[in-house]
Amino acid sequence: MKETPLSTCERTALTDMVECGLRHDRRGFLEARDTTISFGREYGSCSVILGETRVLAQVTCEVVEPRASRPSEGKLSIAVHLSPMAAPHLEPGGGGGSEVDALQQVLERNIKESRCLDLESLCIRAEESVWQLRVDITVLNHDGNLCDASNMAAVAALRHFHRPDVLVEEDGRVTVLSHATSPPVPTFMRKVPVCVSYALVCPQEDKCLVLMDPTHVEERVMTGKLVAGLNPHGDITSLVFPGRVALKKEQIMKCLEHAFRRAKIIAEMVQQAVEDDLQTRATEDRPSGFRDKLVSDEEYKRQRFTHLMATKVLTLPTESTEAAVPMEEEPSAPEEQDPANETTTNVTATSTNGLVDTPDDLEESRTTAVIASVTKTCKNKKKKVKKTKDVKMESDSEEEQQQTLLTSQDLQ
Amino acid sequence: MGSNFRAPDMSEGDPTVVLPGDLILEYDPEKTQDRIFLGPGLRWQDKTITATKCGLLRKTPKKIYFVDSQQKRYVPEKRDFVLGIILKKRGDFYMIDIGASMAATISYLSFENASKKTRTELDVGDLIYGKLIVANKHMDPELVCIDSYDRAVGMGRLPDGGILFTVPLHVARLLIKPDNPFLHNISKKVTYTIVVGLNGRVWVKTAREGEMVAVMNAILLLEVMSEEEANKKVLKVLESFI
Amino acid sequence: MDIELACELPRVRAMVGPEGPQRPPLVTPGEIITHDTSFMRGHGTYMENNTQVASVAGYITRVNRLITVTPLRQVYQGAIGDTIVGRITKVQNNRWKVDVNSRLDAELRLVNIQLPGGEQRRSSLEDERGMRGLLREGDLVCVEVQKISNDGGLRLAARSSKFGKLSQGTLLGVSPSLIVQDKQRMHDLPCGARVVFGANGYVYVSPTVPEEQASTYTVNFEEVPVDVRKTIGRLRNCIKLLAHHTIMISPTSVMTAYDISIEQEFEIRDMLKPDVMQDVAIATVQAMNE
Amino acid sequence: MEIISPEGLRQDGRTPTCLRIIKCRLGLYDRPNGSAYIEMGNTKVLAAVYGPREVRSKNKQNLDECVIQCEMSRIAACGGERVRRARDKRTRALSHQIAGVFHAAIRKSKYPGSQIDIYVQVLQEDGGVMSACVNASTLALIHAGVELLDYVTSCTASINKQTAILDATNMEGQAGCEVTVSLLPNKGSIVSLDSSHTVHRDQFEAVMDLATAGCQQVYQELFSQVEAYLQDKHAIMSHR
Amino acid sequence: MVDINLSDAEKCYIIDGVKLGIRVDGRDRLDYRHLEIETGLVSTANGSARVRLDRTDVLITVKMEMDRPSPDQPNQGRLRFFVNCSANAAPEFEGRGGEDLATTLSAMMDRLYSSPYTLDRSCLCVVPGKHVKVLYVDIEILDCAGNLFDAVSIGVKAALWATHLPRIFVTGEDGGELEFEVSDNPHDTERINVSNAPILITHLRITENLTIVDPTPEEEECGPVQVVVGVTPSGLITALQQLGQGTFTTQTLSAAIKLTRELGMKIHTHLTTKLRQEESMQNREIRGFL
């Protein structure tokens, strides 16, 4: 199923809006969508909802033989699945091609190569048996910025995961003990890797604006993107800026500074979520899992609107002004709206094909709202529509409805 | 036949929820004289009318019954006004994406004062507002931008600028209802032009970008709230945007 | 069979070219050419906040206020009136698609060719059906560029009698910028062979064929005598040799190379050996400079 | 095993901020429109450019600018261990990066509706593969006469116990990070940036500056090589 | 192979040329084009060679690995051939384009080196039944301008000749497992005896009874069928494969085989002398691709 084409109107609309400092969902340029992290019944199963992007991560473990070259190190493998459920243009089994490769590469660099998980701690007996942790990330709904969401889900799942305790006999046989007999062992992560991605929109040739946490539409319209993988201790674990637009050095450094600030917030959020869940899990005997924690899209939109209505005046939220949008000077907030003095309603809903011209203060003198015939009752006329070159149609305004007997064939 | 026979008491007029397979009422043309008309979502088979979609069963004063269901994927219907995006130019046809399973076609002649010589200049990605004149299971849907007197009547290529977004079909139908005050409430705050396609695509254009975002979000309110609640809240949302 | 060791072979030495001031300056991408905006911007350059910057590596040519940079190698741009050689790739309804070593395949309309048998004959329906009889896939044609369409594709025409289907011979592809610009493209060289220097870099060497035979779209298949074949083979190797050492290819330079290879009694087949190629090339350049 | 000796020199005698020897040659083959070969130390890469040509698949055609495609492959014996498959996930990711770099550098509006193919073949791999591929592709594009905004030069820098080292070989880059910068030298703007393995924040700026300076040095090298190529070839062509 | 379609005129010119004994570039029926060879240019491989036959360019690398022997030949090493058509050679080879050419080539080389007579593979065995040496011969086609089989076979022979395998000592037994240790002194190496290694010669049938050697792409286009004959230095025919649609009369086939024996022995002697000469040159500077 091909992706619905992006019309030039959507493209120009978004670029113009970004040029004068606005985004579709009225977020600031450097403001992220609100995220909720929730955990399932098992240890190590975590779901992250970033705006409408939904990702599910599940950690599983098994005892395996270590690699010959690294006898005392455990193994960690990360796999990303972009299921067709995430977006219409993904075919089952297709795997989304280059998008998944890039995502896989960023996650591997961020979590595996950055040594944030101490692999030695996964060793049971050197050269014989070690733990292999496998993180399976499934993208449930793709609304942009998969890197941040899947990275957050993977890290939260790893920190939340507890592997069962283990009994090792002399001759090397390993017995895995169930959770009931002895408490499971938490996994220790030295640093929390975080991924922050920026979309670069270039309205004119050299002017380049940076948007954080792009939605799917913004991702389709942006010219370049910058994905920074880092951890709150000041290490940059991976940085991908695959071109398509030329940036100055200062612009990149400003992005990195903002990314580090953002990394602290995300790290704390993940930390907090894991601790809260572990506490609640300790008290109640049967963990409730995802049952009442998942938020439906409608619910999310409703909360966003109530939140919008709460914040009265439109000033770009403080957090973004202080971050001083790296690119150009602060785009001027849209000048004060003079309340439309003339309140004559210029939109007249008229019956089907009667049209009222509007006051011509709008530049094109086209008629305004053409409101199609209301009810969708298809009053099938028995007249065959002649399909000649010059398409002649019976005028079928609603008023002179003939009473025709409905035949079942019409109703199909 | 559906086992749960439930004749809805249509008296007090508040819509009841029906599920596919529910029996609506008996109708036997020989026995009764009055005419009733069935809209989408209903099926008349061997003298009983059953629902085929889940949604609210509505009855209009002119005895038209139909099921108002919540749906996002548009199924082309004759005489629907839809908003399409031009995919590609095929000889003297344009292929247009109207969000249905198949792309619609429109001949270059079916525009206002189009002729063999003067072809309207349309390129890929433009927006077209037209009326479906051919739409059935067996053929590709066909679009025209002129009415029976060859006048554009607001149809044709939309001007540049403006913002396009999609809403579920029931919201689009709600917006178009003549007696629906929603669009008037919005117009109290903002002067805007709006084009609503029955395939769930809405195009809004105002003088300033800020207002466009405001109107868009106001309309998106309808997606999550009931009509009455949305009417109450729309003004506050507009304030928070402008 | 002669096997050479790569380390023994002479390295492709720089040719000794005419030094001296009249060599126009060379420029590479990104270099600023001029700051004043009075100059007009030609090919190979672009304007960036009112400085003219080069976008290709090549030499600058200034023609009264127009600055262009021509690279050493480029895909054939196409200019109206150029005589070029092309190969038919597809036969479509009343037009042919022709590969002309350019960005897009060129188009030769049935209307634009001079039909066999007479000047003024409008193309009838039966001509349309007989198109494959005139020109088939793979046939070589010598045509003229009539128009450049807006997407950059070329429109060709074979109006006069000297254009049309090329008969027996062999084709060579070289870089278009090596072909010397001049009006007359078809040359019957004194050594008894005809060479068509296509402006698009396709050079066709063939025995001398009577003038109007080309436009009759018929091919004579009788055998070409051995001595003519020898000259054609030698000419072909000379052109390959000049192209390998990026020496401009023109009737004069080809004939000098031809004469030098005859003087130094090089076998035709040995002429493609690197050392032989190098000697002949240097000798040609020196001979050309006197 | 000391990467940097106490006196501050590396195993092969280079100072931390000096490039490996660059040898390159334009125009190896005449079937592709442009071809080039570059050796940065022991990293040897061959690049060929076909185009601008007719687009092969109509649905990818872009009517107002040209489509750029890149494919990178490695010969089996390019590294220490034998490479099983010439084209795998890593090379696909790298070829995306290279294509991205040239999306910004080539003046795409000059070749509407056509396609430029860049094929890169790694003959030997010893650190800095991505930058060698970008430099080789730039030379091949210049040889093909494709219009570029500017050269695109690329260089890798790494870090080893607080000292930033330029153009690190495989062995030198093992411990530290690897930051690859691709630059438009005359404009000074960065076209692509890629960093793998962790590097600390304040070191990152130093490494990036070193890599950018490295790119300028590479530019001088490539500039002189192209100039020599033009001089030699043009000397003959001048007698028009 | 890369398909270029020619016009009938050109085909007729080429075929007549072969009949008269002078081909397009001046060679006669049994002449090879200029062949250039260089070994040892890839330092990360145990052995490597590059062969350039006019414009055909092939790079062959040999790498050794230790592996378990195949059950039916416990004390024989293995030789495995892999061909990779790089997209540099032709855009058609991009992605999976060159697969079928690669499979025919590697199958041909497998067959060539499968008979124990050509290469004694028992000397590749370290511990019979447990560990044997496996030589991975990777053939990289960088540019193809006709006659790939000859260039590849000569390249493989040269690469195997130039291969230096590290010496392997069996250091005794522990627990039923034979321990071996690879010597890391770069000069302490073993060579492979390639004195009997065969090469391939391609014969292209142009007319009923005339075959030519070392065909160019244009000639391959007009000749319907080729036969590839493997010949050892001592004149024995080890392999024979027919490619393309078409037939051979018995006389042409036997004439071709007789020809292969003479040509083959000449090429082998010439090749070995050249390789020895290259071996004996002190501080030979590796030309490589520069």
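Labels A, B, C, D and E are assigned to the chains in the order they are written; within every chain, residues are numbered from 1.
To be clear about the criterion, a residue touches a chain if its C-beta (ideal position, glycine included) is under 8 Å from a C-beta of that chain, and two chains touch if they have at least 3 such contacts.
The structure displayed is predicted, hence computed values, not measured ones.
Steps from chain B to chain D, minimised over paths through touching chains, total 2. Any chain touching chain C that also touches chain E appears here: D. Counting steps between touching chains, the shortest path from chain B to chain C takes 3.
Across every pairing of chains, the maximum count of C-beta contacts belongs to A-B. Central chain by Cα centroid: D, whose mean Cα position is closest to the mean of all protein Cα atoms.
Computed centre separation for the pair chain A/chain B is 29 angstrom, with centres defined by C-alpha atoms. Averaged Cα coordinates give chain C a centre that lies 33 Å from the centre of chain D.
We define each chain's centre as the mean of its Cα atoms; on that basis chain A and chain C are separated by 56 Å. Within chain D, the positions touching two or more other chains are listed as 30, 53, 184, 187. Residue positions of chain E with contacts to 2 or more other chains are absent. Counting partners per residue, chain C has no residue that reaches two or more other chains. Across the whole structure, chains are in contact as follows: A-B, A-D, C-D, C-E, D-E.
Residue ranges of chain B in contact with chain A, taken from their complex: 29, 35, 37-40, 42-45, 60, 62, 64, 66, 77-81, 85, 87, 97, 99, 107, 109-110, 125-127, 129, 133-134, 144, 146-149, 153-155, 158-165, 173, 176-178, 180, 183-184, 186-196, 198, 203, 205, 208-213, 216-217, 220-221, 223-225, 233, 236-237, 239-242. Contacts from chain C toward chain E in the complex involve residues 1-7, 9, 87, 136-140, 165-171, 219, 221, 223-224, 226, 229-230, 232-234, 236-237, 267-269, 271-274. Across the complex, chain A meets chain B through its residues 4-13, 16-17, 20, 22, 24-26, 298, 301-302, 305, 308-309, 311-312, 314, 334, 337, 339-340, 342-343, 345-347, 349-351, 353, 355, 358, 361-362, 364, 366-380, 385, 387, 389-396, 401, 403, 405-406, 408, 411-412.
If you check the complex, the residues on chain D that touch chain E are 23, 25, 28-32, 35, 37, 39, 42, 44, 46, 48, 50, 53, 56, 71, 73, 75-80, 82, 86, 117, 119, 121, 123-125. Across the interface of their complex, chain C is touched by residues 27, 30, 33-34, 51-54, 107, 111-114, 142-151, 184-187, 223, 226-227, 230-240 of chain D.
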